[in-house]
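In C-alpha cells below, several structures.
In the two complexes that follow, chain A is the common piece, with chain B as its partner first and chain C second.
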Partner chain A sequence: MTRSQHLDADRAKKYLQEHFKNAGDIEQREMRNEDEYVLLIYLKSICDPVVVNENLVDRFYELKSLDLYEQFIHSFPSSLVPQDEEELLRNMLKGCVAIFIRNHVLLFDALLVNAGGIQPPSTENVIQGPDDSFTENIEVNLNLIRHRYQTANLKAEFMTVGKLSQTRVIIMYDASKVEEAVLKELRKRLSEIKQDIVQSASEIEKHTMHPRLRLYPTLMLTERPDRTVLNISQGKVAVLVDSTGYAILLPAIFNDFFTSMDDKIQLPPVGWFLKAIRYIALFITVLMPSLYVAFTSYNPEILKMQVTLLIAGSRATVPYPSFFEVLFMLLAMEFLTEASVRLPKAIGQTATTVGGLILGTAATEAGLVSNIMIILVSAVAITNFVIPFNMMSSGIRVSKYVFIGLATFFGLVGIVLGMVAMIMYLTSLRSFGKPYLKMFAVDWRKKGDHRSG
Partner chain B sequence: MVRNKYFYYLFLLNATINLINYVPRILITDRFDGALMSIAVSIPIGTLLMFTFVKLIQKFPGQGLPEIFRSVMPKWISGVLLVLYGFAWYFSSVITLISFVDITSRYISPDVSPFIVLSGFLIVVALSARLDSESILYGLEMILYMTVPIIAYMCWRVFSSPYFSWDAVRQVITHAWNMPNYKSIAAATYVYTGYINMVVFNRIFHKFKFRHVWVIVVVSMLTLLISVFAPIGILGAAGAGAHVYPAFSAIDSLRIRYFIIERMIYIFYVVYMSLSLVNSIIHWHVGKELILGGFGFKSDQTESVDKKRKVEWWVLILFSLVVFVLSLFINQYILNDMAIVFLDIRFAGELLLIALLFFAVWKIRRKKA
Partner chain C sequence: MKVLRQGLIYVMCCSLLFLPGCDFRDIDLRLFVLVIGVDKSENNPDMHRFSFKIAVPSGDPKSGEENSLLITQESASVAEAIREVKSKVDKELDFGHCKGIMYGEAFARDNISKIQDWTVRRRDMQLLMYPAVAVPTAEAVLKVQPSTERIAGNSIFLALSEDGTESPFIIRTYSFDLARRMTEVGEDPIMPVVEASAEQILTINKVALLDKKRVKVIMSPDETRLYNLLYSRNLSTNFGTKIDGQLYEVNTDRTRARYNIVTDKPGEEAINYKIRITATLEEKEDPRQLEPRDLDAIEAQLSKEIGQTVKKMLEKIQKTGLDPLGFGLRYGGTHWNNQTEMQDWQAIYARAKFNVSVKVKIKSTGFKR
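Presenting the complex of A and B:
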C-alpha cells in the first residue's frame, strides 16, 4: 500500500447509498470468488462498461489472490485512494468506479465520453486546407493540437471552472514564445470566474474580459486546430474548453479577425489581396447605408450630378425619408438572416426564396423602396459576411446602425464624427494588455503596457 | 510605452492643422509685408525651439510637465503655471472647434443648426480625451495614415491645376525681402508647435530620441509654402486676401473628373474634420492633464487615479461649456482676432516654457551636486 487510508469502508458505503438514493443509473456489482468478496459501485451513465468489465470484473476472476488484484488496480496512474467521503463522491461524479476491497476503498477511472467524431468546420471554411475541427471532447482536441505541434515546449495546464459544472479547461501555450504576463493574467481571470455553470467558450470570454459592454470581440473563438496551432506558434495562448467545439485564442487584436487561414495557403500576393478585400468590405458594410442617408437627405450636391439625379429618380415613388427606407430594408435583411439561421434545413429554402422575392422585386415595384436601395442592401449583406469571424461580423452588423443614426442627425458630419469616435474607441480597447487597433500591429509582441482589457 | 515615431506624428498633426487655425490667413494678410521673410525666419527659429525643447525634456524620461514642475518649484507657483498652460493649450482647440463649426455651416450643411454640430463635436472630443495617452496616439497614427495621402493628392492637384497662376506666386515672391514681423513669425512657428504635446505624452515615451531633424525642416517648409502659395496661386495675389478660409476657397475650385464625388471640397472637408477632431482630442487631453496636475492629482497611484477620473469629468464639462458659450457670441471677426492673439501668446509662452525647463534642469543638477 502506498497510501494509508483513513476512510472506513462501511461508513463510505452507507454515505454513498444515502447520497445516491434516487439515482437510477447507479450500479452496484458484487463479485464473489470462493470466500473473497469485492463490491463495485459506479454511475452507469458516465462509466465505460467495456473498461469496467475488462479491467475490473474479468481480472477479479482471473487473478489468483485479492492482494494481487489490489496491486493491479494500483498500477493504473489514474486510480486513486480517496481520503474522505467527499473526495470519493466527487470523483465518482467524474466517472470513477468505487471499489470496495475488504476495508479499503479505491477509485478507478472509467470515464466514458460520448462525443461526435471529428467533423469539418461549420463557421470557418477554407477552400484548400485541413478539414477537421474541434470536437466536444477535450482529449480529442488536445490530440489534434499535439499532433500538429510536436515540441516539448507545448505546455498544457489543466484547470476547472464553474462551481457545479466543473468544466475542464486546458491552457495551452508554447513556453518559449509566450509572454508570462499574459499567462499570469489569464490564470488570475479564469480563477475569478464565479459562475455555477460554464458551458461554452464564449461564456468564458464574457466573464473574463472587461469592460463587459463591448461591441467587438477581444478574444478569438476558433474551431480550427490549424489556426490554434498557428497562433500558439506566434506566442499566443489557447484555452480549450471541455464540451464545446471551440478554443479561445488570446490576446486577439482587430487584425486577427480579418485573417483567414486561406491567406497562408494562398500565394502571398493573393493573400494580401484577400485581406485588402476584407478591409474594403468592412468599410462598405459600415459606411454605405449611412452615406446613402447623408447623400440623399443632407448633401445631394456632393455626388456627381448624374448620380444624384439617378438616386432622386429612383426614389421618386418612395413616400418617406431616406433613413426610414434604409432602416426598413436593412431590418428586413436582418430578419431574413436571423430566420435562415433558426429554420430547419428542409424549410430553409423557403425563407430565402420568399425573402429574395420580397426584397428584390416586389418592394421596388410597389414603390416602397428605390432600386438603388436594393443594390445597396445586397452589397451591405454580402460584404458583411466577408468578414471571416462570426463574432466580429456581428459586431460590425450592429455598428452600422450607429452610423445610420449619426447620419440621420448630422449628415456627412455625423459619419466623420462616428469614424473618428470608432477609431478612438477601438484603439482604446486592450486584449490582455495588447493594443486592439493599431497601425503595423504585426510587431505587437514587442510593446504595449499591461493595462486591463 | 511607445516608440519615437509618435513624436513625428504629433508634429505632423499640428503642421497639417494650421489651415484651420488661421495661420495661412495671417500670413496671406501680410503677403506683401514680410510674410515670406517671416516664414524664412521661422524655420530656423521653430526648429531650434523644437530641438531645445526635446533636448530638455529628454533629461526627464517618463515625466510630464506636472511632475517636472512639482519637483523644482513651490507648489502654488507650479500649480498656477500648469493651469495657465493647460488653459492656453485648450484654447488652441477652442479656435479649431469653433472655426470648424463655422466651416461646416458655411460649406457642408447650412441647414443643420451649428449648435447641434458643435454638441456632436464636443461629445466625441470630450469622451475621447478621457482615454489614456497611448490609445490616443494610436488613434492619431491611424487617422494620419488615412488622411495624409489624400492631402498629398490634393496638393498635387492644386499645383498641377491649369488654373494655377504661377505669376501670382512670382508676384508675391518679389516682396520676399520685406522685413518680417512678430505676428507672422508667431503664426508661422505654429507649424512646429506639435512638440509641446510632449509635456504630457513624454510620460509614455520609452527612451525618446530625436533624429532626422532635416525631415522636420523639409516637412514644415513644404507645409508653410503650400498653405501660403496654394491659395495665392488659385485665388490670385490680390484675391487671396479676401477669403476667410483661403485653403477652403482654393480647394473649392478643384473638380474631380473620374470619381462619383465631383467637388474636391468634400474630400478636403472630411480629411480636415478628422484632423481637427483628433487635434482637439489631443489638446483637450494635454490641457486636462496639465490642469489636473496643477491641482495636484497624480496619475501613478491607484486610489488617486479613481479620484482623478471623477474630477476629470468636471474639467471636461467645463471645457465643453466654455466652447459652447463662446460659440454663442463669437463671429468671424472675433475669431480671427482671437486666433492672432492666441498665436502671439503661444509663441511667447513657448519661449517661457523652454526657459522654465532650463531652470528645472539647472535646479535638478544643483540638487544632485
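Presenting the complex of A and C:
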C-alpha cells in the first residue's frame, strides 16, 4: 500500500464506538475468510443494503486477496480515505460505509435515497406543457435539467449549507451567459448562512436576501424543470436544494412573477393577452376593495349615478361603515382560503360549500353585507389566484390591506398616495443588483447601441 | 407585566377601528340631489323658490320602481335654501351627482347669473351639469315623472345629454360652456328649453338665446333645428320639400356647416355660409319609379329651400343683436388690433349680409331591388 495513512484503525474504531453509543441503527459487520478479516461499520438507515452486499460483502468472498479487495474499493471515485476521525464521522453520517482493512480505514459511498417518483407540478400547472416537477432528490433534479439543457457550458457547483442539516445545494448556470458578479454574490451569500438547519428552498431565500423584511419575493421559487432551464438559458442562476421539490431562480424581477410557462407555449398574441390579463388581475385584486371604500365613503360622485344609487340601496341595511364591511368579508375569504389549504381533501368540499353559502347568500339576505360587496370579494379572490407564483400572490394578498387602510383614512387621495409609495418601494428593491421593477428584461439602450454598430 | 401593557396598547389601538368618527358618512347616509330648480317667488319679489329633486335609492334596482323626493324651499339665496332643506331631511345632502339645473322661464328672463355663478363656484358640483330653461316653471318640470324613467331624474339627463335620445331639436349645453359664454366677448349663451307639456312627458324642442344674463328670445322648433344644423356636425334630422304638390322627405346622414366673414369692402360686409348635406331619401308620396334626374331636381329644390330658411333664421338672430354662433369671437380673433376690433364688430354685425349656399347630395333612394 503506497498511500499515506494517518488514521489509525483502532483509534478510529474506538472513536466511532464512543460517538455511536446509543445509535440503534448502527450496523457492524465482521467478515472472515480463513485468516483475512474485514470490519464494516455503517448506518443501516441511510445506506443501501443492496449496494453494501453486492460491492462489499460479495466481493470480499470472491476476490482472492485482501490487497485486491482494497484496490477494488479504491477504484470507485466516490470512495475516499479519511484523514482524521471527524472526516470519517461526517461522511458516515452522509451515508458512507467505513471499511476497516488491517489497520487501514476506507470510506465507501452507499447512500440510500428514498424519494418519490417524478410527479406533476402542484402549484404551477400549465395546460399544454411538460408534466414533471422537481422531486426531493437533488440527483433526479440534476438529471431533469441536464436532460433538457445539453451543453458543456451548463455548470453545477456543489455546496452544503446548514451546520447540522448539511443540506446539499447545487448552483447551476450557463457559463457563457451568466453574469459573473451575480454568481460571486450568490456564493458569498450562501457561504454566509449560519443557520443550523436548512430544510427548504424558501429558507435559503429568507436568509440570503436583504432586507429581511420584504413584502414581495425577490427570488423565484419554481418546481418546474422547464422554467428552470428557460431561465438558465436567459443567463440566470438556478440553485437546487436537496430534499425540497423546488429550485431557486435568481435574479428575479417583478415581471418574472407574472410569467407563466403557458406564455411560451401559446401563440405570441395569446401570450401577450394572458400576461395583460395577469396585470389587470393584479390591479383589481389590490385596488378593488380600497376603491370600494373610497367611493362609498368619500367620493361617490366619481361613479355613475346608477351605480351610486345601486350601492346606496344595497347598503341601506348594512349596519356598519364601509371599511368594516370590506374587512369583515375579506377576512372571511382569507379564512376560507386558509382552511381549504389545511383541510383534508375529503372534507375540503364542505368548507367551500358552507363558506360559499355563508359568504354568498346568507350574509346578503340577512342584510349584513351589500350585494355589491359579494361581487367584489369574489372578484378579489379569483383575481388573486391568477398570479402564477404563490409567493407573489401572497405578498399581494397582504398589500391590499394597506390600501384599505389608506382608503379608510384618506379616501381616493390615500389610494393614489399608496400607489406612489408602492411604486417607490418596488423600485427601491434589488434582486442581486438588478432593479426589481424593471418591466422588461431587454436592455433597450444596449440593443440600440448594438444596432447602430 | 411589560407584555401585558403592550398587549393592552394593541387592543386599544385596534378598538379605534370600531370608531367610524363623525365626519365619516357612508354612501347610504347621503341623499343625492339630482336636479335643482329655480323659480321666482310668487309672493315675495326678493325671494326665490328653489326645488330640489332628491333620489331615494331602492334596494332592488330590478323592480324598476323609482322613488324621488321633491322639496321646495323659498329663500333669498341658494346657500340659505340648502341649509333650510337640510333641516327637512334625515341625511346629508350630496351635490356630487347634481347634473341639472332648471331655470324657470320667468326667472330666466330676469337674471340667471347669480345662480349660474354659484353652480360653477361650489366645489362639489360638477361642471358637466346641464342647465336648461324650464317652461312654465322649474317646479312643474321637476314634478313630471315619465313612466319610462328607471332611475329618479334620469330621463331629463338622458335627453339633455343626448346619451339617450338624439333629437335635432335638442342642443346640448354644459354648465362650463354656459359660464364661459356668459363672460366671453363675441359669443352669447344658449340653453335648451324643457317644457312640461303633459303629465308624463317632457318636451325639449326649443333653444333659448340669452344675452349675457337673461333669456331674450326662445326660438321655434324649426329654427332650433336649423340652428343646430349650423352649430353641430353630422346632425341627423330630416328635411322635406314639395315638388309638383308631391312631398319628399330626406334623412340627413352627414352635415357640415362652415362660414367665413368677408370684410373686403367697408359697408358691404358679409357672412358666407356653406352647408354640405349628404342625405338619403326616406319618404315620398309619388308612387312613380324614381329616376336619377328626379333626384337632381329634389336636391336642387331642397338646397334652395334650406338656404332660404337658414338665411331667414340668421337674420332673425341678427335683429335681436345676439351672437350665439360666435361670429364676433371669430372676427375678434382674426381682425385683432388690441383696441377697437370689438367696437368695429358691433357696427359690422348690425349691417352684415348673410349669404347661404347649401349643397344637398342625396346618395341613395333608400330603395333596394
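Some points to look at:
Assume the second predicted complex is superposed on the first by the 437 of 453 C-alpha atoms of A that agree within 3 Å, B and C clash if a C-alpha of one lies under 4 Å from a C-alpha of the other, contacts with A are read in each partner's own complex, and residues count from 1 in each chain.
Following the convention adopted for this analysis, a contact is a pair of C-beta atoms (placed from the backbone, for glycine too) under 8 Å apart; a residue touches a chain by one contact, two chains touch by 3 or more.
Note that the structure is predicted; figures quoted are calculated from it, not measured.
Of the two partner chains placed around the shared chain by superposition, chain B is the only one that A:Met424 touches, whereas chain C remains out of contact. Of the two partner chains placed by the overlay, chain B and chain C both lie in contact with A:Met305. By the touch criterion stated above, A:Gly313 is placed in contact with chain C alone, chain B being left untouched.
Touch criterion not met for A:Gly433: it reaches neither chain B nor chain C.
In the superposition on chain A, A:Gly129 contacts neither chain B nor chain C.
Of the two partner chains, chain C is the only one that A:Thr296 touches; chain B does not reach it. Put simply, more of the residues of chain A are touched by B, taking chain B and chain C as the two choices. Residue contacts after overlaying the shared chain place A:Val413 against chain B, while chain C stays out of touching range. On chain A, the surface touched by chain B in one complex and the surface touched by chain C in the other have residues 299, 301, 305 in common.
On the side of chain B, the complex with chain A involves touching residues 1-3, 104, 108-109, 111-112, 116-117, 120-121, 124, 127-128, 131-132, 134-136, 138-139, 141-143, 145, 204, 206, 259-263, 266, 269-270, 273-274, 277-278, 281.
The touching residues of chain C, when paired with chain A in their complex, are 17-18, 20, 24-28, 30, 32, 34, 55, 57-61, 94, 96-97, 99, 124, 126, 151-152, 154, 157. Against chain B, in their complex, chain A makes its touches with residues 298-299, 301-305, 307, 406, 409-414, 416-417, 419-421, 423-424, 427-428, 435, 437-439, 447-449, 451. On the chain A side of its complex with chain C, the touching residues are 295-297, 299-301, 305-306, 308-318, 320-322, 324.
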